[in-house]
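Structures given as structure tokens follow.
Both complexes shown next keep chain A, but they swap its partner, so chain B is in the first and chain C is in the second.
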Partner chain A sequence: MAQVLFWLCAIAAVVTGIAVFRVDSMARATFALLASFIFTAVTVLLLDLAYLGVLVILMMIMEMVIMAVFMIMFMMNPAGLMPMTMVHNQKGSLAIAVGTFVVLATGVLLVPWPGSDRARPDDPTMQLGEALMGSKMLVMIVLGLALFATMVATVVLATHRGRYDRYGDRLDRKRPDDPVPGGIGR
Partner chain B sequence: MSLQEFLLLASALFSVGLYGALSQQSIVMIMMGLELMINAVIVGASAFWYFVSPDRPDGQVVVLLAVTAMAVEMAVGFAVTTAIFRSRDVDMTDMAADLKG
Partner chain C sequence: MLEVTPWWGALLLPVVLALFAIAAASFDSVLATGRGAVAEPLRATAGLLVQQRRRTLAADSLLWRGGAVALLVAGIMAALVIPLGSWVVSDFSVGVVWFNTMEVVAWAAVWLVGWGANSAFGLIGGYRFIAQGLAYELPHMFALITAALGAGSLRVADIVAAQHDLWFVVWMPVAFAVYLMSVLGMAFFRPFDHAVSGDAAGGVLAELSGVDRLVFVAGRWLLLTSGAAMAVPLFLGGGQGPLLPGWLWSVLKTAAVLGFLVWVSRRGPTVRMERFHEIAWIVLIPATLVQALVVSIVVIW
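This part shows the complex of A and B:
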């Protein structure tokens, strides 16, 4: 049963992953990517990783919905009403991708992978939580710091005109330097 | 289910993502390719945890790291796209080749 479910999800994940780069519409590409993520998350769920699998599903649904908004903002053909391709060096990329897959698959099939007969934990989520609050605390600290730096960096990058543009580098301008004067003059 | 089947799935996802990241011109589509490649890391790390060392939490911690990398990549990617689109009306990588050496 699990075997059949795994193969169904694996094939569906790869097919929807390929569809991301084949469909014309950007909205369809976004939701094909979402489907691919959900199918792979089901294979993670098959490995007893309930928490991480559900985390990936929930995170990807939100992320892809946000991505759909950005797609419609930035892409020239968001609805896919006319067929178009936006690729460069397609043959070269295809050759590199197929070559990479062949090399990786050969390695996967030829290497004698180690197995393990050690006992699996009763609750993998408990194992992860205790590791993050114990021996792997440093990982959690660095991740938190990286996420905070990301928030600051994204706000700085996405701001159009901040107070330093309006009031000068020392914030000592009496009147703001705006392209269109107006407002209440503060 | 075996470790090899999961690693095959991971290599297929990685290769599809690599094709997308190399061939697409739109910045947002390139980010989709990168996401697929990180997704392959999630599959591989969970399979290694389950089949090779279930008694240690390292595999699960790598999955958590990959999920965070995905979120950071997405957020920063969209911020950079917004910034470059606002200043130069660029949404394709071929129009932003200033650092090409």
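This part shows the complex of A and C:
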């Protein structure tokens, strides 16, 4: 049963992944990619990694919906009313893709994977987390803070209107001068 | 404490949900037009079933119909982890995350329905809903996390069991209020119905007709019902209560929450997204974070 489900999802993930580059509309490409990610998430669920699998689905839906907005905003031919192609530098990208696939596939077949007769732990997600970063937790926490600071800094740099536009050059305006007033009149 | 139903429980679940949703829709029409409108949802359903489909030029039918079906499926799948008394269809170890994931499907579904019709009004509605999602989702997640934090588990059964002595609503009132508000937001009921409001000719609903409209509107009601039903195990002690059997307590509490949400949604005007965004990010997120902090301090103590 799990075997059948795995192969169904694996094939569906590859097919929808190929569909990303075959369809002629940005909306369809985005949601084909989302379908591919969801099929991949089901294979993660098959490993008893319930939390990670469901989280992948949750994050990918939010991420792809936001991405659809930006893709349609910035890419050519958003509505797919004219023929468009998702592929650029066709030969080069094909070579890179096939090469990566061959390297990874031979890796899967050649690496002597460790086996174990012991039963699966009660909480594989916990085990995986400990194995991945048990000894590197401090690094991960610092890295998380650095990433978050980078995001805040990028938004501050990219924002069209800063506090000087809103509160005046001396920041002495009582109420901000906003083109669209917000909800709490601040 | 919870027992998983046999396989036919999964078949019964959509029926129970649909009954709640129809009752809620009837209550809504009564509030809107008076007592004579009790059967209005059924009449509207029959009307939509025989109505001819409206077609638009160069519509993306796959995404258009797919979005409506996704909303309906998500509304039902979200309820898989919601217990009725001591019965539950699936006692998933990460039930809260599962519920949250099924709600987020609404983001994609509503945008797809808005996009698929190739209509400007539909598209405006779809984009409005994404903006709305960005506003309600973070406070909503913090409200869910707060309930899970109080029980120390993401399993719904553990959350219900942890409320044996004291319902979570008593010491997590902020999370409960934010949760109810975001349920209205995710099912885009007023005051958060900007995505389907009249100022954009019905927004996402503008070009929907016939069975497509029925599927979409039913999905919306089922999502509201699932959201209201989940408030019971998360904050109102699940099926716990004196005298009456557990399943009846679950039904009564769900009906009360659902009725309250429908009543509230008939009471106020539509909130514009630029207003709600500032409220959500500057008032609600800090409020839910403080609530989560208080709960974690109590738990560690």
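Note that the second predicted complex is superposed on the first by the 132 of 186 C-alpha atoms of A that agree within 3 Å, B and C clash if a C-alpha of one lies under 4 Å from a C-alpha of the other, contacts with A are read in each partner's own complex, and residues count from 1 in each chain.
Basically, a residue touches a chain if its C-beta (ideal position, glycine included) is under 8 Å from a C-beta of that chain, and two chains touch if they have at least 3 such contacts.
This one's a predicted model, so the numbers in the text were calculated from it and none came from an experiment.
Undergrad: Can A:Val180 be said to touch chain B (first), chain C (second), both, or neither?
TA: A:Val180 sits against chain C, while chain B stays out of touch.
Undergrad: Please work out whether A:Leu55 is in contact with chain B alone, chain C alone, both, or neither, and reply first, second, both or neither.
TA: both
Undergrad: Just chain B (first), just chain C (second), both, or neither: which does A:Ala68 touch?
TA: In the superposed model, A:Ala68 contacts chain C only, not chain B.
Undergrad: Which partner, chain B or chain C, touches the larger number of chain A residues?
TA: B
Undergrad: Does the superposition put A:Ala29 against chain B (first), chain C (second), both, or neither?
TA: In the superposition, A:Ala29 contacts chain B only.
Undergrad: What residues on chain A does chain C touch that chain B touches too?
TA: 55, 66.
Undergrad: Write out the stretch or stretches of chain A touching chain B in their complex.
TA: Result: residues 2-3, 6-7, 10, 13-14, 17-18, 20-21, 26, 29-30, 33, 36-37, 40, 43-44, 46-49, 52, 55-56, 59, 63, 66-67, 70-71, 74-76, 86-90, 92-94, 96-98, 100-101, 104-105, 108-109, 113-116, 118-121, 124, 127-128, 130-132, 135-136, 139, 143, 146-147, 150-151, 153-155, 157-158, 160 of chain A touch chain B.
Undergrad: Per the contact definition, I'd like the list of chain A residues that touch chain C in the complex.
TA: Interface residues on the chain A side: 25, 27-28, 31, 34, 50-51, 54-55, 57-58, 61-62, 64-66, 68-69, 79-81, 180-184, 186.
Undergrad: Which residues of chain C touch chain A in their complex?
TA: 58, 60, 62-63, 92-94, 97-98, 100-101, 104-105, 107-108, 111-112, 115, 118, 127, 130, 133, 137, 154, 271, 274-279, 282-283
Undergrad: So in the complex, which bits of chain B are touching chain A?
TA: Touching chain A: residues 1, 3-9, 11-20, 22-29, 31-33, 35-36, 39, 42-43, 46-47, 49-55, 57-58, 60-61, 63-65, 67-68, 70-72, 74-76, 78-83, 85-86, 91-92, 94 of chain B.
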